[in-house]
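Shared between the two complexes below is subunit A, which has subunit B as its partner in the first and subunit C in the second.
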Partner chain A sequence: MDFAAPVLNYSLLSPILILLAGALIGVLVEAFVSKALRPITQLSITLGSLVLSLVQVWRIRNEGSTTAAMGSVIVDGPAVLLQASILIISIISVFLIADTEQFTALAAALPGSDEERHALQSGNQVTEVYPLTLFAVSGMLLFPISSDLITLFVALEMLSLPLYLMAGLSRRRRLASQESALKYFLLGAFSSAFFLFGAAFLYGYSSSITFAGIHDAVNGAAGNDVFLLIGIAFLSIGLLFKVGAVPFHAWSPDVYQGAPTPVTAFMAAATKVAAFGAMLRIFYTAFANAQWSWTPVLSLIAIITMLFGSLVAITQRDVKRMLAYSSIAHAGFLLSGVIALNKAGLDASIFYLFAYGVATVGGFAIVTLVRDSAGEVTDLNRWKGLGKRSPWVATSFAVFLLAFAGIPLTSGFIGKFSIFSAAYESGAKGVVIAGVLSSAIAAFFYIRVIVLMFFTDPVEDGTSVEIPSSLTQITVAVSLIVTVALGVFPAPLLNFITDHAIFIR
Partner chain B sequence: MDAANYLYLSALLFTIGAVGVVVRRNAIVVFMCVELMLNAANLAFVTFSRINGDLNGQVIAFFTMVVAACEVVVGLAIIVTIYRSRRSASVDDASLLKR
Partner chain C sequence: MTTSTSLVYLIALPLFGATVLLLAGRRADKWGHILGTAMSASAFAVGVYQLTQMLGRTNESRPVTQKLFEWISVGSFNVDAGLMLDQLSICFVLLITGVGTLIHIYSISYMSHDHDRRRFFAYLNLFIAAMLLLVLGNSYLNLYVGWEGVGLASYLLIGFWNQKPAYATASKKAFVMNRIGDMGLSFAIMIAFATLGTVSFDGVKAASEHASTAALTAIGIMLLVAATGKSAQFPLQAWLGDAMAGPTPVSALIHAATMVTAGVYLITRSNFIFDAAPTAQLLVVIVGAITLLFGALIGTAKDDIKKALAASTMSQIGYMILGAGLGPVGYAFAIMHLLTHGFFKAGMFLGAGSVMHGMNDEVNMRKYGALRKYMPITFATFGLGYLAILGVPPFAGFYSKDKIIETAFNAGGNKGIILGIVTLLGAGITAFYMTRVMILTFTGKSRWDDEVHPHESPLLMWLPMAILAVGSVTSGFLLSNGDALVNWLAPLFAEHGEHAERLQPMVVSLLALAVVAVGIAIAFFKYSRQEVLAIAPENVSVFTKIARQDLMQDKFNEAVFMRPGQLLTSALVKTDEAVIDGAVRGVGQMALGSGSVLRGIQTGFVRSYAALILVGAALLIAAIWMVTQ
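For the complex of A and B:
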């Protein structure tokens, strides 16, 4: 019997393979390199493989619009753009992760035990976080380019499992951190079960596991519509959970607050790009012609998500929780790009994802700097008068907040404007009205923080601003430059996205 | 026997699992309920594979088993850590982050 070896197109898959190789080398480093050398070795391997992978994405950008790995993976314009966004966001997050003050000395030690104290004294570090990051990033790269249900499910788990562990590694408030890991894990596993069950019914409906096959089945209206509806609903629950849309948002404030801040930054920004990337691909290709079935429900979810996120954020007294609710509101804004279901919606979503991701990493980078003797200070009342004590840090944070609020001259304005105009074009007027309304509500609490930082007198309670390490400085600087540059000169990137972002089936 | 009966069974198992996740307190039991849901999805895949006369569904079932095994590794690690520091695996006790 002849055996036909599968054609994998290694060059198209190389961005992911490079990261996996880097992660495996990282695991070996844990075993064989001496403790003193591990942090620097791991950091170089991680950054090296991320940069190499980005270079490889750049090189394959024009080979686009093709399939790899026997049609399991599609490499087209949006795929390349999303992968590049994820990699850039990951690189600037890794600079934050390199700040060892944030991570526990020994994850297995009981909080408050002698073992932990000993590990802290001997200067132990959890360098496992670097390979875990690389595994997560490789899953994120695979998620938005997968074009069949198996690959999609495996990629979903590949990106989630390392993140569950990373959420539990905080150095301070370890019980809260472990609790956030447990919540993230249980709810994440719950939602991926829904995802898989939905996938089963889509397979039953179309008797095909590829998106193209599902698309053809929807066009031919051959199968049982009940299977299609169950499939779309359950698969969407899994995806909406990952992006943190209401009513599947319950995990996100707790996890954002409990996880170490660099991990929160990475997770908030990169997961959102990956999950929305996959969502855009599925809804724009596989489910496009079943629009009647999902647009009304998804519009309702988008409206509730925007309003809920903006309203609840007002009442938050903790800066990380406030950013979590703000990210819920942003998930709602991004959903209007999915609902738009036109080329403009796709372009705007990709731009928005990149702009929002970079600003988020920058925002959380600032949060890591405001500290007292017991670690980070996340209580907003203690941020009073920050602008007087450290004008640079407060100004940078203000810029990121203005970008979240969508004030002109920041990337957030361009993102919001283009995504809402795309949704308006497609006739989703209710979503646009709710979006503009909740943007106004959201602007209130962002600006309240700015007022708190600049126009109230500082209280002397031991809160101080850490002198940023050079790596954190790079993160803040890059995020600032990108946020402002995209606000002032958005045209080159917008045109590039418009020229390249075309989904193929 | 009608293959649709297996779909009913799978939906039933999925529902039992989902209800279990919501009502049970012990993290291990919650986790077992999630595994039950994954297996319900597997049963649906294999049934559809039989109905449609297509092998892909059976392949997915194997992938799911592997992924579920990975999930057990990560999940038990997290649950054991929580249990060691709190002496309890109840999901209700872990409420530091609620406001």
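For the complex of A and C:
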């Protein structure tokens, strides 16, 4: 039997390989480096590999190729843009993760046990969250460049498994944190099963696992359409679950609330980029010519998602849950970019993903700062009058909220405007109407929070604002600058995306 | 069109000042005020440079543009962030930076005891930058950015002393009422884009020539709503009196000379829309006429010197709006009155600040009296402003206000007669309440408490007042000599034929002077001949009572806007609470946090979530099946 060694183009894969190497070193550091040096070593390794990986992405930006790994991955313009977005978002999230206050000292100990207390008192803080982050990021980088169903599934699990663990690492309210982690895991496994099932049907339809093969099969109308339809439906469930679209969203409010806030920030921002990146590639390449079958259904899901997210967010009293529902609504807005199925839709989606991701990290960074003696204060009623006590923190949060609401001069406005106009051009008028309507509803609860912070008298209940550590300051400052800069000078980035975002098959 | 690369410095300099002062924090306490003043002064220098350049060119090539960057370019919607300086905006640029710099200088001394003086200067610089952006933007969208910027700066400055709850409330009120006006502006922009396909001034002007009257009327009315909000015109006028809670230099700069005149700018800038939409133009005149009387009447009953001046501002801007509503003949006169008003009203506000400075921040004029002897410079500068606002020749108001009265009379038909009488009447009431302010403050017997020791203000305060007083005396003559301003602005507005002159200018001036004399006489007999009480008398006529209540404007707002709004809010809160309280609690940790209309879905149980996914999958298959059959 002939066995040809696989040909790998290492330079194109290097962004992922660097992260995996960093993660493995991180595991060793966890075992061998003394506890005093561990946090700083881990932080340096993590940041170092992320930055190195970003540099590498920049260097390969023009070397598009379909055969980076025997046709399993495609490196092209959108891939580079999405990978860069994921890396930038991860870098600013890592600054938040560096706040060890947020993480349990010993994740393996039972909540409330002596063992846990001992670990906390002796300062024996484990820092496995860093390698886990790197593993997750490497999965995220692989997800949007996968070009066959198997690689796609491997990437999905690579990014999901570390996230399940990270959700359970919270120091405060550990039971809730662990509950959310378990929920996320169970439901994630359930949706992965759908995903695999769908992949099997697609193979049955096209006798191929590559996107190009499925594309050709759709063009040739070779197979049984029922297989194709079930395949698309089930595969979509796996992806829609990850982005938190209704009705596959139920995990997200619970997990967003239960997970440590830095992890929530990372998860909400980076996972969305990766999952939508993969979704864009599949629907724009493999299923593009089967548009007749999936556009109406996906439109329906988009509309329900936007309206549901916006409406339910209104009733939330907890800032993290509110942001979770807001993120559901944004998943709906982003779906309209997938539905658009034109070049403008692709450009707009990539811009939106980056802008939204950065603002999300910034928003959660602010959440980590508002605390009392028992940890973060997420009850919105206790955010009253924050603008009087800490004008900078409140103003920054207000800017992020305005960006979520899509108010002009923030990145959110440009993102929403371009994604809706792309969808409108492609004829998805219903989606656009629902989108504008739910944006208006959503603006209500964002602005309500701003009113609460600036126009309500403070209550004296021990809520205080932590002096931000310099790392958190960097996160907030970077997010703030990007959010405003992309609102005022969006043209350079929009043009860059327009020039580069072309899928190759 | 001439292009320039230096326009951006007009905005960049004060913006730089604001940024540095805000970011540097306490470290900048020592030099913050100097930097702020220097930035404003250098913007003025750039403005003067631009004026000299402009004077050297012919009429057609005077406007200067500068493209900054491509702002939004999505599909068919393209907006560049660009600046345009033409004959109209240069007037504003010089007014904003010139008066602005004087007020910066004044504030150095006025705010010297405030430990947050640096922050004050940062906000002043921010205001200057935003206001310059407002008048320099080359499209409605760019103007809108500046429009919101000045709103923000105004809010921050009114509430500058927000440790006092009443002041914080005042800034909130101004903020909320301005939002209504801003909605008008955003609707105007949206309608313009939807019907004309562009939002730049040039584009809208070109497109308006063959647009439907209905669309232009809609845009015009929405622009008018915007103008009423920002310029404190009926029916959105109520906030201006409360805005006086801000430090006095702020009242002089923002709430007298510049920001509140933005509405006049907006209408004048949009002249091509209003000229083509007679209905909207008529509404402009009506709003102006109502406000000029409304403000004047409120002014007669105010004992608070700043509120009396605020009412006067409202009334004077009414004159400008009315002038701008009279079409091509009126635009230039509206702008002329705006400029002269900028001098004399800012001067009087600074004078009021100087009085307060010497009187332990007392604002009640009934506690003043006889200050002429103690504050001679303040008396002189305030007095010159007083003569200017009355329209006594040869002071500034004589040239600008009489022109508006004359144009109103000449508007033709019953409209002309009504407007002419209203403007004359306004002039008479103005004479009454301004004389009252003069008498109560500077003449008669002293009525202040023993611990007050009035004194003249220091040089840094009286110098700006003196310079503004020179402007109050000369600006009218300079601007109207040889129709200087009218000819300067003429290329921007539509041609207008010679109107039949119903009244000779001389007759109008004599009529106006007669009415003013009557106003002065009444005030003189009422306040100088009779004893003025230190405490406002209670047994006054019902009209005085209503006027003291600002003609019931707050009651009106409460009944029409606030009560229904409160009802709606409390209803929402009740539903909210009912839903939350009704939520099933105690199933799993997570359900505690969730409370929503759709709570049945968010139970916290993982099994029901999984079931939801299953149902969703089934529905998805069913939906695809149905679609493809």
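Just so we're on the same page, the second predicted complex is superposed on the first by the 500 of 505 C-alpha atoms of A that agree within 3 Å, B and C clash if a C-alpha of one lies under 4 Å from a C-alpha of the other, contacts with A are read in each partner's own complex, and residues count from 1 in each chain.
FYI, a contact is a pair of C-beta atoms (placed from the backbone, for glycine too) under 8 Å apart; a residue touches a chain by one contact, two chains touch by 3 or more.
As the structure is a prediction and not an experimental result, all values here were calculated from the model.
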Of subunit B and subunit C, the chain that contacts the larger number of subunit A residues: C
Which of subunit B and subunit C A:I209 touches, first, second, both or neither: first
Which of subunit B and subunit C A:Y164 touches, first, second, both or neither: first
First (subunit B), second (subunit C), both or neither touched by A:L175: both
Which superposed partner A:F276 touches (first subunit B, second subunit C, both, neither): neither
Touched partner set for A:A250, first subunit B, second subunit C, both or neither: second
Subunit B versus subunit C as contact partner of A:A200, first or second or both or neither: first
First (subunit B), second (subunit C), both or neither touched by A:F400: neither
Touching partner for A:F103 - first (subunit B), second (subunit C), both, neither: neither
Which superposed partner A:K183 touches (first subunit B, second subunit C, both, neither): both
Residues on subunit A lying within both footprints (that of subunit B and that of subunit C): 173, 175-176, 179-180, 182-183, 186, 190, 194, 253-254, 257-258, 318, 321
Parts of subunit A lying in touch with subunit B, wherever the complex brings them together: 107-108, 110-111, 149-150, 153-154, 157, 161, 164-165, 168, 173-176, 178-183, 185-186, 189-190, 193-194, 196-197, 199-201, 203-204, 207-209, 253-254, 257-258, 318, 321
Residue numbers on subunit B that touch subunit A, as the complex places them: 7, 10, 14, 17-18, 21, 27, 30-31, 34, 37-38, 40-42, 44-45, 47-49, 51-54, 56-57, 59-60, 63-64, 67, 70-71, 74-75, 77-79, 81-82, 84-86, 91, 94-99
Complex contacts: residues of subunit A adjacent to subunit C: 173, 175-176, 179-180, 182-183, 186-187, 190-191, 194, 225, 229-230, 232-234, 236-237, 241, 246-248, 250-251, 253-254, 257-258, 292-294, 296-297, 300-301, 308, 311-312, 315-318, 321, 344, 348, 388, 408-409, 414, 417-418, 421-422, 425, 455, 488-491, 494
Subunit A contact footprint on subunit C (complex, rising order): 69-75, 77, 81, 145, 162, 172, 576, 579-580, 588-590, 593-598, 601-602, 604, 606, 608-610, 612-613, 615-617, 619-621, 623-625, 627-628
